[in-house]
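In order of appearance the chains are A, B and C, and numbering begins at 1 in each one.
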Amino acid sequence: MIIQNSPALIPLLLLASAISIPLLAIRKTGIAYVTAAAAAFCAMAISAFNTYRVWESGPITYHFGGWIPPIGIEYVLDPLSAFVTLVVNVVAFVVLCHAGGLKDREITEKATPYYSLVLLLLCGANGMILTGDLFNLYVFLEIFSLAGYGLIGIGEKQAPVASFRYLIMGTIGASFYLLGLGFVYIVTGTLNMADMKTMLPLLYGNPAVTAGLTLIVIGMGIKMALFPLHGWLPDAYTYAPSTSTALIAPIGTKVAAYVILRVLFFVFDVKFVDQTLPVTDLIGWLAAGGILFGSVMAIAQREMKRMLAYSSVAQIGYIGLGIGLANPLGLIGAVLHILNHAFMKGALFLVAANLRKNAGHSDISKLDATYRNRLPWSMAAFTLAALSMIGLPPTAGFFSKWYLALGSIDKGNWVFLVVILLSSLLNAVYFFRVLEKVYLLPPTDPEAGKALPKLARRRAVGQEEYSLMIPTVVLSFSLLLLGLWNANIVKGILQRIIPPGM
Amino acid sequence: MTDPDLYISVLPFYAVIVSLAAVPLILMSTRRANLREFWTLAASLVKFSLVFALLPGALEGRVAVFTFWEISPGIALALKADTLGVFFALIASGLWILTSFYSIGYVRGLDEHKQTRYFASFAVCLSSTMGIAFSANLLSFIFFYEILTIATYPLVIHKETKVAIDAGRKYLVYTLTAGVLLIAAAAWTYRLTGTLEFQAGGLFGDLSLSPSVVTTLFLLFLCGVGVKAGIMPLHSWLPAAMAAPTPVSALLHAVAVVKSGVFGVVRVVGFVFGPELMNQFGLSTMLALCAGVTVIFASLLAFRQDNLKHRLAYSTVGHLSYIVLGAALLSPASLVGGLLHIANHATMKITLFFCAGAIYVAHHKEKISELDGIGRAMPWTMGAFTVGAVGLAGVPPVNGFLSKWQLGLGALQAGEVLPLAILVVSGLLNAGYFAPIVYRAFLKKAAVPYEHGEAAPAMVVPLVFTALLSVLLGLNPDLFFHFYRLANIISGSILGGAGP
Amino acid sequence: MTDILLGHYAYWGIIALLVIGLYGMMFKNNLAKKLIGMTIFQVAIIMFYVASAVKWGATVPILDPAIGAADAAKYISPLQHCLMLTAIVVGVATIGVAFSLVIAIHRRYKTLDESTLLERMKTS
């Protein structure tokens, strides 16, 4: 019974907890955090279970209200959606574990609504991934976005402005998606993805389909921060509270990338998007531009969070590039990079959060070995995640690059290959700049990390609290495991998601 | 040679992992220096005995294989202790023992900071070097190659001075770029052939390829492994990296890292492309040309260096290209000569670097112009130095002579005279840039009398030992390790695999 | 030509609204005006859906005993209307969040004018 309903379980569970948090936490605000963490944990457990079931016995569908699609709304758990929900929920849970130690500093007095919003955000993300209905997707997209605007707006002084910009851009994106969907709906008369897939081949000559697809891709491109539609991202990531950034950066843009992937390859036809109307080519080239632009801009930044934000623009490019290749290896690379980048960026933003909590800033130009002495484990996590971003084995980052490189060669697109490899080097420039400072610049405060009261030492290494250190380290060190065992992920799950006709 | 006899063994795995396993132990014993050094020494001894245990199999043509698991569908992270791998691993692990003793004397003599990081990075470097030696396929090779790149970085910047940090940057720029090119080359090869397994005689098989593809691919590979091998114009990180502590320069920048590059060249030439393709597309000529130019120019540049370690570095650049030259000529004797030179240059150059380090620790002198009369204060050290220098110039009975002799023979076998000329000229140049040092040390009078004598025994014993080893290997190249036989087997497998 | 213009007059109107909305969002300096533009934009899309549901001579999709359930062509398509009900709710929520952000901005910077705002952000 519960197994049959499992596709719908995660969004509903998250939605229910999100709504109940304000009620539960009327008396004791502490409950808010506990509820949120518990809900995230359950979501993670269910999605792990779902992934296992899909892996073992194939896709599962769930029909809301018992209405049979295409009339009713359908939820689909196939290898792709099961995998992406698992990634999203794992990262979200780890980040939430970390959030417990930060709430005193960044979101004082707002903890209850904050955690409610976090769960809404997750609900939106999971819903977008699981739904098999294109309009339902729009609704979840807006739930996700609205929660996101709130989470960003809670931050520093400039945060509402950044959030407002994101809101304007995000609404344009979502509206474009809706408009495009309208075009496609008018000609097909259905909103169900599977149903639409059977009808579209008859309509590929229709200009409404072309217009609809273009609008959907542009709309989601904004949400995904695909270059040059990324304008909202750096400010939003920089000024948001660290927890929000650590949550939105690994999840937010990936979900939009997932939607593009889903629509292009699972609603439309690979042949159509690749040859008749070369949308994938367009995405690929824009992504390649984004990789270079993002990396170069990241080198120019002084603030760590902003640097990481620009790096996100570049890394989203990898996913876009994989989509743009429109071949199996490219797709594997793109989806694997959704996983890898979620872990890497999660870890890096958590380090930035730890730094802010400890030092009150995350200004790269002020970094020196003091911070390494104070935050030894965070900096180790940063190093490992940075190596993964550069793409050095045995970390996970190497392997997504490897598959993307193979994909580019398969496609015969040498420019993409050069871009992928060049960006490795650019990443090295901006990460080693930080590492050099943290490890090699003599500390301004030689006593840092040494003179600690005994009591504090029990809860902390250096000046790091375990509650902040452990999630960071877990995310970062998982990169080693993900790298070493990536073939299992690829063979077990990713090779099954390749759509027919690719 | 017929198909080698494969057997599954965990020995290669242990040989790789043992120093990695020592890293946590080293890190945990930060506060107890003696215990920490014990771990390093224990790991080095265990590692050497493990590799040594693989030697009999390698001599009989039996190959130990060990597969971890797949790291990309169809490509496993796999180790394969073939003859070439054992050959290289023996040299690196054997010299690590000596370097460990020497390092202890060096860092304690100078009271260096961050010794834990130093020893831990050293151990990781050796692990990855073993991995490189035993890699069964190109992806495993890249895997360990990149780990080596990163593990060496903390050693290059160890002193944390501005010079060291700049050297570290330069090192990263060169090696990371190389790594990226290597990845591109590997990915391309994989798409062309569907395999990355190293195969004596080349892995392209009967695939018909256009000349432009082969040449581009070869250039990518060459840049990929050529940076570590110090082929000009990709060499300039090596002199800069001399900012590292001397034991690092000794083991890594004369043996492990640079030889990994050269080893990579041999792998690429013999096991990826194979003699047939190399000759067919004129790749060997291209490679030989690069190597020849490097040999001469590096020797010339060595003259200009007043810093002892820099002069040694340029000398290393030159001698690495001897090996590349041997690989490029692709005749039986030249391959044997090149391979022997991997071992011989290692023992000689490590002696010289050890001497440079001993001088620095005992007298804080780095420049050649300051070495007047030092031979009287440090007779053992400078004696060993002389042996190494004589050997590098190619004078018998030191082992440098043997490899040069074989290389020369190889050049004649290949029907080329120019390489022979290069060898002779470079021998003279070698003698030219080492002679002044020996002359100053023994025949000039010191302006100020030296306050100390020799460095600590932990440093002097290893360097005398390596000098002795150089002479012994010169008298009998099959001594202990059967380097000569191994080299013959390897050369046979590479060239035999190609012949009809 | 006139056919295209007149035959699709509803769509031309919608396109005009879309353009006005985008213009408002992009080029107006005042944040509140940007939101007005956003609303116009959203409304245009709602109109677009609703317009696509229209059939000449059909009635609202409520079961009418006089027509009966047999002849579906006599009713206009209900689905678009349902979808747009949801979209309107989403739009309202967006405006709500947006205005709360605008209020927060005004509290912190005492202005809603974007160029002034940017200056004040730099100095603070």
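We adopt the following convention: a residue touches a chain if its C-beta (ideal position, glycine included) is under 8 Å from a C-beta of that chain, and two chains touch if they have at least 3 such contacts.
Since the model is a prediction, treat every value here as computed from it, not as a measurement.
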item: Of all other chains, the one whose Cα centre sits farthest from subunit B; value: C
item: Most central chain, judged by mean C-alpha position against the global CA mean; value: A
item: Interchain centroid distance [CA atoms averaged], subunit A/subunit C, Å; value: 29
item: Cα-centroid distance, subunit B relative to subunit C, in whole angstrom; value: 70
item: Distance from subunit B to subunit A - Cα centre to Cα centre, in angstrom; value: 44
item: Interfacial residue positions of subunit B with respect to subunit A in the complex; value: 69-73, 77, 139, 142-143, 146-147, 149-150, 157, 160, 165, 168-169, 172-173, 176-177, 179-181, 183-184, 187-188, 190-191
item: Contact set on subunit A toward subunit B in their complex; value: 387, 390, 392-394, 398-399, 401-403, 405-406, 409-410, 417, 421-422, 424-425, 428, 432, 436, 440, 442, 483-488, 490-491, 495
item: Subunit A-facing residues of subunit C, complex; value: 18, 22, 25, 31, 34, 38, 41-42, 45, 48-49, 52, 83, 86-87, 90, 93-94, 97-98, 100-102, 104-105, 108-109, 117, 121, 124
item: Subunit A to subunit C touching residues, read off their complex; value: 135, 138-139, 142, 146, 149-150, 153, 157-158, 160-161, 163-164, 167-168, 171-172, 175, 178-179, 182, 185-186
